Amino acid sequence: MPPRTPIPLIKMDPKKAPWEQELKPHNRWHPDIPPVAEVQTGDLFRVETIDWTGGQIRDDDSAEDIKHVDLTRCHYLSGPIRVKDAEGVPAQPGDLLVVELCNLGPLPGDEWGYTGTFDRDNGGGFLTDHFPEATKAIWYFDGIYASSRHIPGVRFAGLIHPGLIGTAPSPELLQIWNDRERALVEAGEGATTLGGVLHTRPLALLPEPKGAMLGALDPEGPAWSRVAGEAARTIPGRENGGNCDIKNLSRGCKVYFPVFVEGANLSMGDMHFSQGDGEVSFCGAIEMSGFLEIKCEILRGGMEQYLTPMGPTKLHVQPLFEIGPLEPRYSEWLVFEGISVDETGKQHYLDATVAYKRAVLAAIDYLAKFGYTKRQIYLLLSCCPCEGRLSGIVDVPNAVATLAIPIAIFDQDVRPKAGGPPVGPRLITRGDVAVSTYDGTKPRTINMCMCGAAH
Amino acid sequence: MPPRTPIPLIKMDPKKAPWEQELKPHNRWHPDIPPVAEVQTGDLFRVETIDWTGGQIRDDDSAEDIKHVDLTRCHYLSGPIRVKDAEGVPAQPGDLLVVELCNLGPLPGDEWGYTGTFDRDNGGGFLTDHFPEATKAIWYFDGIYASSRHIPGVRFAGLIHPGLIGTAPSPELLQIWNDRERALVEAGEGATTLGGVLHTRPLALLPEPKGAMLGALDPEGPAWSRVAGEAARTIPGRENGGNCDIKNLSRGCKVYFPVFVEGANLSMGDMHFSQGDGEVSFCGAIEMSGFLEIKCEILRGGMEQYLTPMGPTKLHVQPLFEIGPLEPRYSEWLVFEGISVDETGKQHYLDATVAYKRAVLAAIDYLAKFGYTKRQIYLLLSCCPCEGRLSGIVDVPNAVATLAIPIAIFDQDVRPKAGGPPVGPRLITRGDVAVSTYDGTKPRTINMCMCGAAH
Amino acid sequence: MPPRTPIPLIKMDPKKAPWEQELKPHNRWHPDIPPVAEVQTGDLFRVETIDWTGGQIRDDDSAEDIKHVDLTRCHYLSGPIRVKDAEGVPAQPGDLLVVELCNLGPLPGDEWGYTGTFDRDNGGGFLTDHFPEATKAIWYFDGIYASSRHIPGVRFAGLIHPGLIGTAPSPELLQIWNDRERALVEAGEGATTLGGVLHTRPLALLPEPKGAMLGALDPEGPAWSRVAGEAARTIPGRENGGNCDIKNLSRGCKVYFPVFVEGANLSMGDMHFSQGDGEVSFCGAIEMSGFLEIKCEILRGGMEQYLTPMGPTKLHVQPLFEIGPLEPRYSEWLVFEGISVDETGKQHYLDATVAYKRAVLAAIDYLAKFGYTKRQIYLLLSCCPCEGRLSGIVDVPNAVATLAIPIAIFDQDVRPKAGGPPVGPRLITRGDVAVSTYDGTKPRTINMCMCGAAH
Amino acid sequence: MPPRTPIPLIKMDPKKAPWEQELKPHNRWHPDIPPVAEVQTGDLFRVETIDWTGGQIRDDDSAEDIKHVDLTRCHYLSGPIRVKDAEGVPAQPGDLLVVELCNLGPLPGDEWGYTGTFDRDNGGGFLTDHFPEATKAIWYFDGIYASSRHIPGVRFAGLIHPGLIGTAPSPELLQIWNDRERALVEAGEGATTLGGVLHTRPLALLPEPKGAMLGALDPEGPAWSRVAGEAARTIPGRENGGNCDIKNLSRGCKVYFPVFVEGANLSMGDMHFSQGDGEVSFCGAIEMSGFLEIKCEILRGGMEQYLTPMGPTKLHVQPLFEIGPLEPRYSEWLVFEGISVDETGKQHYLDATVAYKRAVLAAIDYLAKFGYTKRQIYLLLSCCPCEGRLSGIVDVPNAVATLAIPIAIFDQDVRPKAGGPPVGPRLITRGDVAVSTYDGTKPRTINMCMCGAAH
């Protein structure tokens, strides 16, 4: 008989700093970060994680902590976990590691989360040219539901998931990451596809010893400097999974990860109580500390059997996953469209990112008519269970993206109707999120057609 | 009492050419194309449409018709329909036109459809650099289900929708379209965000009198040449809706269109029996002739009340819509990820189009292991009810797109499992789609990591 | 290549009487009713049906037609259809007939339906002791939606299905039916389990030549009198399927019928635009004329392989079916409970019928607080897509039944909230259904606790 | 700011006996059982519960504990909880108590459950005449999923819910319960509607001091004997909610309970990891210890505003509830039908209980063809998320009940197909549940048609 209670593999105390934890988390990817725990296939084990910034953000009504967040100190990951089979043979490069997410939740005693946008000069967000200030909303959880004193009038069931989960890269894969991201940064904005449309900067985050935490690797030891200088940042998703921020990696989901190093060295963190497709505000899910109960299997040789690499090397692969049967069911949706014409009226060619930006902007303007501030809606669309779709990607020159929002999360009917949105006493205003000043000098994107209206 | 049977407003005979129809369709957008019919708000009326190419594609086993399709002759739209209220006052610019799609279906006696990819030198598709040949699959309908002799082993419930529906542009809006699209074409590939990654050409389709059909406008009359020379092509979705190819505009859906000209002048066509998000193969839904049963309402002044323009003018708006309660329900999904690194390994900055291309390529390679050709899967992913999501759009430098495919549409279990995909006698091959040769000279994108494998 | 358009197998004209139809329907079950059509497995064919009473009910505002309906003249079934395989071998007793319901809909030109309760002395209904009068509501269809001038303020998507579909009985099975139903009638109310609780009478409908219509059997021929004297009535569902009134036998569903006679002799009718579980008002779905597009397969020997008879003979079997993926999706439900204590306060033992009666009564009383008459809600709960569940069937002495109603079908919020249901100007009354007088002498069931209130 | 962590209101230790718990549970209903805790409306609080038999059943492979279970010692309920509003005013008779089930789960460290059937002479079950032996299956939980070593080859997502939750009865209501249940017992089997069809005995469980546990009421005090002699047993659901065993009272659900005593005195227990509609095997859900996180509101005067009593007194009411958005989604179902003809072939009149018994029997016989024992399927249908529907309740003389089973819970395809169910090496047998002998003398119901087959 297997044990009937999840094995408590990694514990975290959300009241302590990352470096005070018993099994120290890590915030970089590198093959030489040593495993802190080991599991066998078929074990049901429990991993606790701290929030992605390691406690930098507080449950209060000021956005100063968001404004001054230190992004070199993230994401704090629990692991690596070494996986072996029942015979004790570890996962091997070329295998697939099957990770079943059996249960997920906030850490008991720490049932809250935050959503924010970063200051434009310190990370930004999808719409940072429109919303350059740092903002914050705090969420409390009533079991499956989240609500916020900063965005009253909405409540929704969370689709809890790890924003970040993945296997360790091999040295070769790490080299590929560092090379291609450095090339992007060095080429600069002018060489990017979207440099003039999206304004989150830097273009990529290169290895940075400052703020690095390497788990069980001895900070005083001989390897630390080398590893910290090479280790990849955790911000983007990559071939190993990583920070994919896929909201459907939720309870009951099964993920198939490629294995690049012996033991697979699985790490995870950045738990989200809920997130919208795209996580548009960047610090954009309901970020929390949390736990995962997990089972692993190994498909020997599965990487070659199932994943066809596409690119210069055999390492250019992608994970895949199966969605579980327990998503929240909403039946009525309001959907906003966007096409790949930017805010200046300029036509882009089949650019889904531009199209999605337009859909999100349209949704914000629309919903703000119901008593919310635009900043509230921006955060809401980042963390509620909305769906972002690539609806049309072939009809030159316009990509069409859509953003679908479940109507039932609002305590009022937000559908269009004769007579227009509520006005006068029917319009209930609803406070605001916490906001900091933007002290930088970059220009805010202006809605040109509204300028004339001001005259 | 209202009449209890839909008013047969516009009839089409799929066996006749577009110009032989009683109420002639049109294949360009222009405010001067005269209405062919008029309805009152609250009427339930029925509009028939012919397939988007007006009968150029045949139910046979050759892709030659796809290869040589004349794209100046599309999309054939039924309408315009002038909408007035119960007092006889027509819709006015600034109103919202509410269009409820009460019922949709194929034309009786013509229950079939086609999916294809165009030749790279005649339209291409999302993956035309990988699949430059014209291909075709024919689908027959068993009521709600579609199946194809060219892609045996799959069957799915359709989510019937009009690929194209929208209101007529005003002269000002038309001018905006023509200006911005011309600017794109004139700037050329080098100035585009995605010119080096997507290879569908031309970048945009500018007004073109050749092939133009202008409905009830007299081809011998004085206005024809001017209108045909100015009228916008129907390929992209725009501020008026148009060819948005949104698969969820299905039975029970309610769309809110901005009104730009008196009467709204609603047109529609390009009926799809089913489509996947993105419609990746371009001729990519299950294209068919079909009918729509529709009800309209007018929200007076609703455009200003509900839609905030974003851009240089007040006309830069977007439609929105509500999804109905009758989508096919699938509960198990296999999901593929893509990041914004292209096939050469080059890093792009938050480009969702690149990321989605990678997700689609990964899905094709994966599913082809189950006895299908890659061309079959390419067409299948274009027309089955798969979902394309913008999962992460803020984690520099990688956008993450996902493609979710319902498992139940296959007659075999396509999930990964120990032992790998079927081989030997367990692997059932399943014919192929109709294929033409690609006679052009543009290079096919090579999967570099597989080249070495050939040596 | 198979034909791509459904074979028009049986046509019906809803404007003509049953006996004026080209292929005459039948309204009794008997093995000697000859097939009127033949199909081959794999054919997609179309069957039209007239409404179950054969046109006795009119689209008007009087319930007199319902009150005086002749129940010896129902249900009018299209068929029998003889099914053979590709080699021409007909279905054999012991096979399973697989019937896929590919598409369903109202008859074009006849898009309306009716819901009613019968007079207590002429058929009654589940709550006939509370509602003895005949009532009627007329429904019109906007594509997938139904709405009624007699029950304003509700609108819902239909789940179209045949109330009645089944294979012909063998002589042995017919004998079993007639014997057991006659035994029930002869034993009388006192011998029944529920005689004192349910008041629909007679207890069963025995063979009755009056009103009988036997399809292609010559009314002047020698067999007619014998067959009409033996043939089973169509009211109940039985081993052959029949009038099961299962609302989920809808588009995309696959039913497995036992075959009792050579050729299977499949018949169908009683099309419903929508129905609630239980069809409580008896004439209780949205009754309409309609069409079915169907495909058949034969599982040779499947009856023995898959169905275990339970009872005195090998013929005591039950059909089974698979639900399709296209049900309307509602996500929010209001649920009423009932236990097996009757209206007098008497305790019954695990009686789900009593419990369901209580749940339905509770739902009627509740919803009537929102401006509807109880008669309107009674008809609504009979025909909207509500779900009746056997929640608990073991906790002596109470069975618990629940009735779940989708909230989104109402144009007001019917959930409980502080302050109570609408009163004064907020309470909108909504007319009534058509009602006839009850001229009989049977006592209406009194809600005893409300009597005192009247004093 | 409200506290962000649930208030730990009632704690239970599943390793201790009921009488060793700090806040003692109770296993009877009586107005004089004193509250053990108090909450304010709006509080989020956590209640732990022990399993319904208070630890009588063990995690082993013998059914002896089930066979000899003491049913006078159940269900152990946590509470009563007194509810007051923010001003300190307690809930009053005539109010509605709104209970939101925010989160539910097994008790940490005790993640297992059991399903069983009782011996026919000690409680029985819905099919006890077919399955008189006590049986047991043990389930372990992998997060949202349950699986059992006693029923290999199935795994499903749980819909966790309290089988039993309700408010305390007033003295008048308690009297009504005791009177009507005593009348049933005294009238005896012959007077029941279903005495000859269902064989669970006794017909009802009358007050019984033996085994009674009355929470905080002093067992040595003067009131104990009186209260224990009057207090109602917890087996059935009643006007106060109670043991309704409604599987949809799950996460996110909101229940509206009538209040009969000051403070409402809410109690709960009998947590189920999963249950099928009907809970047919009686000890039939996956029974476990568990926790609930709950919020209460009071609707003042809501009982009169929203609940219409039906019966001799104003106390004859029923709770209602709203279903939450987080049910497991299954899209493919296999459905079995039953009509109200019993196993002897006798016709009953519109009896849904008989019809459901036939549907369950049909499902057991069918699924047992796939390598399971009938006992395994009986337990499975009692605890997996299957749906029992009252499909037709008006078509004399047959009620039609249906039982829908989600196909995806099996690791094999259980749909009918050509060639029949697996045989020979394709048929995988799967052990059995734990079974005890039935030592009683009551006759097992024989499937008459199979007897002849033995000759």
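Which chain is which? They are A, B, C and D, in the order written, and residues in each are numbered from 1.
Throughout what follows, contacts are C-beta pairs under 8 Å (C-beta built on N, C-alpha and C of every residue); 3 or more make two chains touch, one makes a residue touch a chain.
Which protein is which chain? UniProt says A, B, C, D = Formamidase.
If you're wondering where the values come from, they're calculated on a predicted model, not measured in any experiment.
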Note = chain A and chain B share contacts with C, D
Key: More contacts between chains, A-C or C-D   = C-D
Query = Once you find the CA centre of chain B and the CA centre of chain C, what distance in Å lies between them?
reply = 41
Message = What's the distance between the Cα centroids of chain A and chain C, rounded to whole Å?
response = 51
Ask   = How big is the gap, in whole Å, between where the Cα atoms of chain C centre and where those of chain D centre?
value = 31
Request  = Could you list the positions in chain A whose residues touch two or more of the other chains?
outcome  = 325, 329-332, 408
Task = Quick one: which bits of chain B touch chain C in the complex? Just the residue numbers, please.
result = 1-2, 4-6, 44, 59, 100-104, 108-112, 140-145, 149, 157, 251-252, 293, 295, 324-330, 408
Request  = Sort out for me which residues of chain B touch chain D in the complex.
outcome  = 329-332, 408
Query = Can you name the residues of chain D that touch chain C in the complex?
reply = 96, 98, 125-126, 176, 180-181, 183-184, 192-195, 197-198, 200, 202-205, 235-239, 241, 243-248, 256, 277-282, 284, 297, 299-302, 305-314, 316-323, 325, 331-339, 341, 343-354, 356, 358-359, 361-362, 365-366, 369, 387-402, 404, 407, 415-418, 420-421, 447-450
